[in-house]
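There are two complexes below, and they share subunit A, which is joined by subunit B in the first and by subunit C in the second.
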Partner chain A sequence: MPRLLAPSDRPLALLILALALLALLILIGPVIVVLVTSFTTSQALRFPPPGLTLRWYEALFDPARSAQIHKAAGNSLLVAVTVAAFSTGLATAASLGIVRARARWARAAEGVFMAPLVLPGIAYGLATLMFFSWLRLPPSFWLLVAGHAMIATPFALRTVGASAAGLDTTLLDASASLGASPWRTFRRVVLPLIMPGVAAGAFLAFISSLDNVPVSLFLGSAENDMLPIRMWGMMESSLDVRVAAASGVLVAVAFLLLVVMDRTVGLVRRMAG
Partner chain B sequence: MDERGAWRLALPLAVAQILFFLAPLLILAATSFATDENLVAFSHQAWADVVADGFNLRATWNTLRLGGLTVIATVVLAVPLALLHLAAGPGLKKVILLAAVLPLLTSVVVRTFSWIAILGREGVINNVLVGTGITAGPVPLLQTEHGLILALTQIEMPLMLLPLIASMGRIDPALLDASAALGASLFRTLRKVVLPMALPGLLAGATLVFASAATAFISQSVIGGGRLAYLPYLVWQQAMVVFNWPLAAALALTLMVSVIIVVLALSALGRKIADA
Partner chain C sequence: MLERIASPAETTAGPATPRGHRLDIDGVRVRYGQSVAVDGVSLTVEPGEILALLGPSGCGKTTLLRTVAGFIRPDAGRVTVDGSPIDHLPPGKRGVGIVFQSYALFPHMTVAENVAYGLEARRMPKAEVVRRVEAALAAVRMEAFAERRPRALSGGQQQRVALARALAIEPAILLLDEPFAALDRALRLDLQLEIKRIQRRFGVTAVLVTHDQDEAMSMADRMAVMRGGRVEQVAAPAEVYDRPGTPFVAGFVGTTNALHGRVEAREGAGYRVRLDVGATVPVESPRGFAVGDRVVLCARPEHLALREAGDPDPAAWPARLRLSLPLGPSLVHDVEAGSTEMKLHESRRGAPPAPGPVRVALSPAARPTLFPAGDLA
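Up next is the complex of A and B:
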């Protein structure tokens, strides 16, 4: 809207601008607050902090004092990487099937595949616990992976699906008519073309699993303690300022990954497209 | 990969969803009608408990209300921000998009934690209120519904903002110029040109925000605290503390069915508006 506003439009334009700036403040403010708080010298969450120190980061990275946090972080990372691999594989195959099938059911199937996005996670988390305990399966790494993957796959499906929909099918026909096997066509033609969508999808599935609360809440165990659940425990029992340092690390990692993924595969554009 | 065989590529995901998504939900439904977690004897006791206990019904209402109020708050803030994005140059556009995506990539636990530092007795808001003399002492914000809605507004706003920006991105800028050149006021241009185009994004965003806010267990339990009863916390409590699995299942299904009804109503509304 790069045009001059009529004087009578100015109050509305100012109101919109004020609300937009308030929205930006509300979006970014808390991220800054948590970063600053993580350097506080205080035992309590006072803002602004009375002084700055690295003691909470030292406590967080100390292997003796924070062994449980390190174990939970390791578990969460391992589960998230495994989930990203499974979710991206399932989502890529399904997207190519849906795009090539072109039939009416394909759109319906897409809707069904996306359903986990709007169903309340807490109900699904409880359902997985009841299901696996009915099957007499004790909590384990692979059950966590299965539960997380169901919630993470729609995220991968969205970006991979958008890439697959833009695929020029004449290229596939050309590859096939030149004698390439379907697998060779996939590896040499399809995959390079949809790679940015696949990479963005794998990243979103990874983040979805890393942040997962509802499934971990019910399927986590002492053996498979997950980072968000451990941090929730630290917040609920005694306010442990190491949570602020852990949050600082997570924010920094998210920001770095965001910049890298945006430079390489245009992540931000894919999420708003 | 010929066209007729292509559907088989969707099979692995379909099978995985039947095994690990649909089957658990069926067991959840069965458990709500069982006498205990072993699923050998059945009764409707759990459902009778849900309906008869005013506490559970109030929690259901609170949960839906929380979702609805969060949708309203995110609309009020995200629509102006999406409009600013529409009018902005490339640099500001990027800032707005980064501001929308970054919170989405930081854990819900981190976002919830940051609001403890903002809403607490010695938090940002109370320091401003007391420091400027607007209030004599700190105001309780944690463990209140408005504090929780404020936090959820930030936590859920990206889910409203991104679909809005996507649908507004499809507006042809020439249309806006034409509308203004023909003498339409800004308000009229927004109502007649921008709103109809933004509506699919608005409804998609409302669906995601509602579903997410209604089931935001961590935010509800940490910021809302024990005094405000919401369904997700009751589900967790009945399942993991009280070990009344049939009641936990019935409460989880109550949450699921209420959310599905609202989601379907929103999509029906979307179709009705699209046809009109």
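Up next is the complex of A and C:
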């Protein structure tokens, strides 16, 4: 068996291995800690828990005791679904435009569309609040959607753009020559072929909106209370263990969605084969 | 019942009837920025005919095809079908069916769905779509593969599906864009014959774009040889081969030996030409030359013949045989006379001659072509 590394490289290999393990630890460790803590019998957020119980989940799902959390979760889900639809739509339109236009401005436009990724979230959140109040627009559902979409669209653009770039433009010519309208071409040819990217993009946009703090912090209101903000508030005031339970639910939902998406995207890919 | 009898799909099963449409390309010019891709091309494709656009890459043939298809708007000129302009129409309303080089079959649809696509876009009733799809697939002998996806088909099968899809919409004009480029050489001739047979049966006027002269020869009724955005010659394949219009055509279609010389005198229906290789030969030519003009004699390999080294004929010139290769029933000789290299093609008789000094002459029935020397680019 050939040796992969010279003896002199061994310290470097060990360092890389250590970094990888550290990264895994930092990524997975907190998730495990919060999951375990959510089953604690104690009254406060403490790790390790003295005993295990489901009472915090019961409390979390109790409509009377957790009405505010439910309302915030409902708001967050509604915003996230709307943002996912909106961002994916924008990303699809932009990707197709970029793919079809060979001009240099199209490449530049792609860079501009990706720019929100590097935007400092808290600064952007503050800026949106100041901007919208200068426009005398009171905080509302649609302002939240607009603010989130700004942050979420680049995520969607990434995956949709990758799918669209792999689209054979001759297929569009073929469709047009067979008499299909641009809308029919989009519906029957383009959309099915870029569906994996669209589904992945919608998922990323949904998640990015669901756990967005900076924009929700500024654009949220009593009426549009968002889940991450509500959770933060509960943490600050009382170290409420329901926050851990809510985190557990969020992690579970995200994981479930990931599995479902992988299944469906895989399915779509098989259909495309 | 009446409807069924009157439906146009019924006629596709009938005998070959010349019901093709006439395509006129009139002074079409296409520019890309500074460069001119198509430089004032005028061509007519007769009803039911296959016209091949033949030329090297970059000659404008694909641009011209895409202009007819409606993907490119020409800067000048008109395209008409049966006399009515189609320039203002989008690709799908031109009555043009296209077989793309990559076939461009929709990968997520079955063969039947691919063929049905154009019919559904026309909002044809479902039963009619089903019937037409069956007829189109039967015409290309792909009925058994209706439920397969394109990826599960071979290249040749994909091509036949692409043809069925293009023909299902009953186009006035069929455009074939390098349809054999992606296929094995061994498969090509069979498919060329098959496509030509199907095209004949449907009576559809067709334009074939290719850079392969054999393909143009075997498929086309006439071919237009293009270079640099212009048409150099339009004629039947045999005519192009036997009487090339320009030295470029002579070199691009078939192999040619370019022999430089000077017109010595008029003689009969042509001229007596003093070749630089050291011979004086009579050449028939319809062109007008003056005595003393520099000319190029383009002779096919089969126009030349080997003679014995001691042959005293003044119409033969001294040369050296470098190599003889048996090529099936014939023999290819690689010959040089000074700096001029020549290829000769003779039928094989006995053992190949040994390399060494020989003489070369025009064979008795040869009809080489004479061009002004300036034409040779």
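Quick note on the criterion: the second predicted complex is superposed on the first by the 250 of 273 C-alpha atoms of A that agree within 3 Å, B and C clash if a C-alpha of one lies under 4 Å from a C-alpha of the other, contacts with A are read in each partner's own complex, and residues count from 1 in each chain.
Criterion: a contact is a pair of C-beta atoms (placed from the backbone, for glycine too) under 8 Å apart; a residue touches a chain by one contact, two chains touch by 3 or more.
No experiment lies behind these values; they were computed from the predicted model shown.
S.K.: If subunit A is used to align the two complexes, do subunit B and subunit C fit next to each other or clash?
M.R.: fit
S.K.: Which chain, subunit B or subunit C, ends up touching more residues of subunit A in the combined arrangement?
M.R.: Partner with more touched residues of subunit A: B.
S.K.: Scan A:264 for contacts with subunit B and subunit C and give back first, second, both or neither.
M.R.: In the superposition, A:264 touches no partner, neither subunit B nor subunit C.
S.K.: Anyone got the angle at subunit A's C-alpha centre between subunit B and subunit C, nearest 10 degrees?
M.R.: Computed from the C-alpha centres, it is 100 degrees.
S.K.: For A:171, select first, second, both or neither according to whether it touches subunit B, subunit C, the two together, or no partner.
M.R.: Only subunit C is touched by A:171; subunit B is not.
S.K.: Looking at A:129, would you say it contacts subunit B, subunit C, both, or neither? Reply first, second, both or neither.
M.R.: The first partner, subunit B, only.
S.K.: Of the two partner chains, subunit B (first) and subunit C (second), which one does A:184 touch, if any: first, second, both, or neither?
M.R.: second
S.K.: Between subunit B and subunit C, report the minimum C-alpha distance in the superposition, expressed in whole angstrom.
M.R.: 7
S.K.: Which residues form the common part of the subunit A surface touched by subunit B and by subunit C?
M.R.: In subunit A, residues 176, 271-273 are touched by subunit B and also by subunit C.
S.K.: Spell out the residues on subunit B that touch subunit A in their complex, using ranges where they run on.
M.R.: 1-3, 6-14, 16-17, 20-21, 23-25, 27-28, 31, 37, 39, 76-78, 80-81, 83-84, 86-87, 94-118, 120, 122-124, 127, 153-154, 157-158, 161-162, 165-166, 169, 173, 176-177, 180, 185-187, 207-208, 211, 214-215, 217-218, 221-222, 231-232, 235-236, 239-240, 245, 248-249, 252-253, 255-256, 259-260, 263
S.K.: Spell out the part of subunit C that touches subunit A in their complex, as residue ranges.
M.R.: 69-71, 90-93, 96-98, 100, 102, 104-108, 117-118, 121-122, 149, 151, 165, 169
S.K.: Show which residues of subunit A lie in contact with subunit B when the two form their complex.
M.R.: Contacts found on subunit A: 1-3, 5-6, 8-9, 12-13, 15-20, 22-24, 26-31, 33-34, 37, 44-48, 89-91, 93-94, 96-103, 105-106, 109, 112-113, 115-124, 126-134, 146-147, 149-150, 153, 157, 172, 176, 182, 185-186, 207, 210-211, 213-214, 217-218, 227-228, 231-232, 235-236, 239, 243-244, 247, 250-251, 254-255, 257-258, 267-269, 271-273.
S.K.: Note which residues of subunit A are touching subunit C in the complex, please.
M.R.: Per the touch definition, subunit A meets subunit C at residues 168, 170-171, 173-181, 184, 188-189, 192-193, 271-273.
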